[in-house]
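You will see two complexes here that share chain A, one where it goes with chain B and one where it goes with chain C.
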Partner chain A sequence: MKVYAIAINTFKEVIRDKIFYSLVFFALLLLGASVLLSTLTLGERSKIIEDLSLSGIEIFGVIIAIFVGIGLVGKELEKKTIYIIISKPIKRWQFLLGKYLGLSLVLLSYISVMTVCYMFFLYAYTYKLPWQTLLAVLLIYIELLTVTASAILFSTFSTPTLSASYALALYVIGHMTGDLRRLAEKTGEGGVKAVLNFVYYFLPNLEDFDIKAKTVHAIPVPADYLLMSVSYGLMYVTAILALSVLIFQRRNFK
Partner chain B sequence: MRLMSAFLALFLLLDGALLYKVQKNIEGLNAGGARVSELTPVPDGAYLKNISLGQASLLADILWLKAIQVIGGRTISPQKAKWLYSAVDAALTLDPKFWYMSEEGGVFLSAACSQYRFSNRIFRKGFDNNPRNWRLPFYLSTNYFLYLKRYKLAAYYMGRAARLPGRPAFVPLLASRLYAQAGDPRYGLELTEAIYENTRNEKIRKALLERMKQLQVEINLDALGKSINTYKSRFGRYPASVRELLAGGFIKAVPVDQLGGKYIINPVTGEVSNTKLPRRLMIYPKGK
Partner chain C sequence: MIRTEGLKMEFRVGFFRKRVVALKGLTMEVGKGEVFGFLGPNGAGKTTTLKILMGLVHPTGGAAWLMGRPISDSSVKRNVGFLPEQPYFYDYLTASEFMDLSGRLFGMRKREREARAGELLDMVGLSGAKNLQLRKFSKGMQQRIGIAQALINDPELVVLDEPMSGLDPVGRKQVRDIILGLKDNGKTIFFSTHILPDVEVICDRVGILVRGELRAMGTVDELLSGTRVKSVEMTFTGVSGESLSRLERMASGTVTRGSETTATFGDPEAASMAKRLVFESGGEIISLIPHKSSLEDLFMEEVEKRK
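And then the complex of A and B:
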């Protein structure tokens, strides 16, 4: 119940935030621009709109997840409002989880609004409704949940600016872990290979959540792949949140 | 306060006008020089995919949209053709299922740039990743038949196109005649007409139309060559001009030249050429 109250409060707080609105505005602008850009190509117009819209939804979602995510805990610390909260009968894990769920709810609303707009634009210009791209949107949401969790993790022990940099770096690395794997394969046997493989499995593999191209080309995505990716994302989020709680509980507010 | 606002408004207006002027000057200074973005080699697609942060498909679209600008340009230098090849090649690595790029890019590289090997690589890459698409082997076949004179390969790819779903009824017919009519420019024209009918891009259609006119000239040159040989066997020498052929009744009329050039006969070697077509499109090997 307490978690729920914090989550709803966080949701309301973020929804009123100017940064959130400006980001949503730019994301919508990008959707509009995709229609404009698609006129440059001949044939395959819907592909350009779909690609640009899905990428736009993802990129702006990541920006919201990181920049709003780091502020959730950071702001409370900065404004010293954390003292009021922790003096109440609320456990620290409840506070953190509430904050996380609140932002997840915001991202869910964001992604829903954007998807409706994207589908509307696409239908208006091409008379097509590619339902299968909704699967890509689902995995984008799971990716955003992972990024949000990492932003919260970093903000439990670092300043907002540094947390943003760390979360952004993790997002970039998360998309390039394939290189680590290839490097490990080339290194041959030995300690280095084991270390590289460990780092590869330890870091989030965000490429798992990228099925945009597949759905745009209407290539069927196996149900077990979807199930596995969603489970991977949710399990990773749970791990990050557990780590965040662990750090946050030991933190001394002075 | 009001005075201040008015002053600021005026300042903004003047500053805006000045910015516009300066930007215009910069554009003027840049004009004339090669546009770097068009000629800068595109990095390898695999490398781009690694750094695309999950946006490989979007990057492919951006490259394709830039490639279309080059296709739409007035002149196509070999440098631009090479750039176009590298852009489409990288885009196909980024988004292998975007077969449309392979089709349009490949046809343009072949019909407008005469870069047949680049064109083939693009078609083959597209076909490897889209093995159910009949157009790609069909285009590959036409490149091998028309320009590269590899008739066995041409027949092989036309045969593959004929077996794929969605192919028009004429493809199997072409496949069956292809080998028998190796090297015949009339057949080449027929193939190009088929590509023309299946291409949507206006710029590429224009290039194909030009190519069809050139092939018509080829057909005329072929027919004139035969008449010249008959002339030689009767008079023991080559005719000096097309008119001589006409006067001797070897041809019914001087062929209409769609390119607007003239047919010239070399009286020493008996070779016939066209002033608007300095290089023959189809080179006929002795052993077909």
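And then the complex of A and C:
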């Protein structure tokens, strides 16, 4: 009930913010642009639209997850609205979880609207509905959930600007963990390898969530791969949120 | 209702993590049904104390209890209402939505939330603005919605941080009346302030906190009982010539308006001698007012000590 109250309030907070709408507007603009760009291609028009649209949905989703995510806790601290909440009989973990679920709900709405628009554009121009790309959308959502959790984690102990940089860095590195693994293998034995391996396992492997190219080119994605990726994402989110709660629990609101 | 024992708070600030002591072992008690004014200059540690009681900061030493239960037990907040200093609210919410959110955080049912919100918005005079977003609220309205949200759960204990600061005289009177209303309903009120005239009117007891230490605690009368008469102001008429010059020499200052003269005497003895002189020279006394130390003088004395 209390988590739900915070989540709904967070949902209202984001939905009533102009920044959110400008991001959604640009994301829609990119979808429109993908249709225009597809006319320049020699290959299959639908592939270009699908590829660009899915990437656009992901990138703007990540921007929303990071920049709104760091503000969720950061703004509460900065504006001191948290005083009103924490002084009521609510536990700090309930507050943090509510904030997280609120933004997850916003992202779910965002991704649903974008997907409907994307499918609409595609059908209007190619008379085809590539249902298999919805699997890519599902994993983009799981990726966004992971990025949101990391943005919340950073904002529990850092300033909004630094949190945004950390979360962005984590997103970029998260897409390069494969390279880290290969680098670890090439360095042979020793401390460096151990450190690289640790970083590889510790950071989120966001590349696992990227099946855009596969679905666009109709390469089948095994069900157990999907299941593993979704479970991995949700477990990672749980771990990050648990860590966030541990830090937030000890925090003094000055 | 509130008990603290040796409450200590230290902060580390700045790049070099400089140690700042905000509270140096605060021990105090506030009883049921009391209106307790927590006084002190800016930076005395009042807000820090309130934040510790509300679980917003963790003390570095000592312990505190609300209604007999340790402050770490968050369920104790079920019976507490809190208004922070210069409150900021979710400005994208309307007054009703904000009250509803507050009620939800206490786990209140929908019908109960709606009834209570309506009642409280009415009490603080905001029922006409219930569908207005909080960003459009004036400072006084913000303070009143802040008080309303603090009372949504009909708390036994109401903690208010500087409820009157930044308000105009009308706003201050409204807040004062609300506090007195709560007192009539048997609530315990603990509030911090540096607006002293209000304190004398509404508080049963006060505590004076200076640089993290409790310097004085008791009823306003108790605190002022040891204080002497500072000066006596006498207004008279019908005295002239040599007698008037003598009176003027005895007084520390005189002001003459028409036929009336007001003279101020540094001590009661000088005043009674002057009184005799006025009668002897056939004059008439219009008023005689002894000035005792006020809470403000006591407050200033405590602040100035060991500066």
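Heads up, the rule we're going with is that the second predicted complex is superposed on the first by the 253 of 254 C-alpha atoms of A that agree within 3 Å, B and C clash if a C-alpha of one lies under 4 Å from a C-alpha of the other, contacts with A are read in each partner's own complex, and residues count from 1 in each chain.
Keep in mind that, in the parts below, a contact is a pair of C-beta atoms (placed from the backbone, for glycine too) under 8 Å apart; a residue touches a chain by one contact, two chains touch by 3 or more.
Every value quoted in this text rests on a predicted model; they were computed, and no experiment measured them.
A.B. asks: Going by the contact rule set out at the top, does A:M1 touch chain B (first), chain C (second), both, or neither?
C.D. replies: second
A.B. asks: Pick one for A:I84: touches chain B only (first), chain C only (second), both, or neither.
C.D. replies: The second partner, chain C, only.
A.B. asks: Given the touch rule stated above, what does A:E13 touch, chain B (first), chain C (second), both, or neither?
C.D. replies: Touch partner of A:E13: chain C, not chain B.
A.B. asks: Between chain B (first) and chain C (second), which, if any, makes contact with A:L29: first, second, both or neither?
C.D. replies: neither
A.B. asks: After superposition on the shared chain, which partner residues are touched by A:L206: those of chain B (first), chain C (second), both, or neither?
C.D. replies: The answer is first: A:L206 touches chain B but not chain C.
A.B. asks: Applying the touch criterion given at the start, work out whether A:D179 contacts chain B, chain C, both or neither, answering first, second, both or neither.
C.D. replies: Touch partner of A:D179: chain B, not chain C.
A.B. asks: Please identify the positions on chain A that touch both chain B and chain C, taking each partner from its own complex.
C.D. replies: none
A.B. asks: In the complex, go through chain A and note every residue touching chain C.
C.D. replies: Against chain C, the touching part of chain A is residues 1-2, 4-6, 9, 12-13, 16-17, 79-91, 250, 252-254.
A.B. asks: Which residues of chain A touch chain B once you look at their complex with the stated criterion?
C.D. replies: Its residues touching chain B are 37, 40-44, 47-48, 51-52, 55, 58-59, 171-172, 175-176, 178-179, 206-207, 209-210, 212-213, 216-217, 219.
A.B. asks: Can you name the residues of chain C that touch chain A in the complex?
C.D. replies: Against chain A, the touching part of chain C is residues 11, 51, 54-58, 74-78, 80, 82, 84, 86-90, 92-93, 97, 101-102, 104-107, 149.
A.B. asks: Which of the residues in chain B end up touching chain A in this complex?
C.D. replies: These residues of chain B touch chain A: 50-58, 60-61, 64-65, 68-69, 95, 97-98, 100, 104, 200-202.
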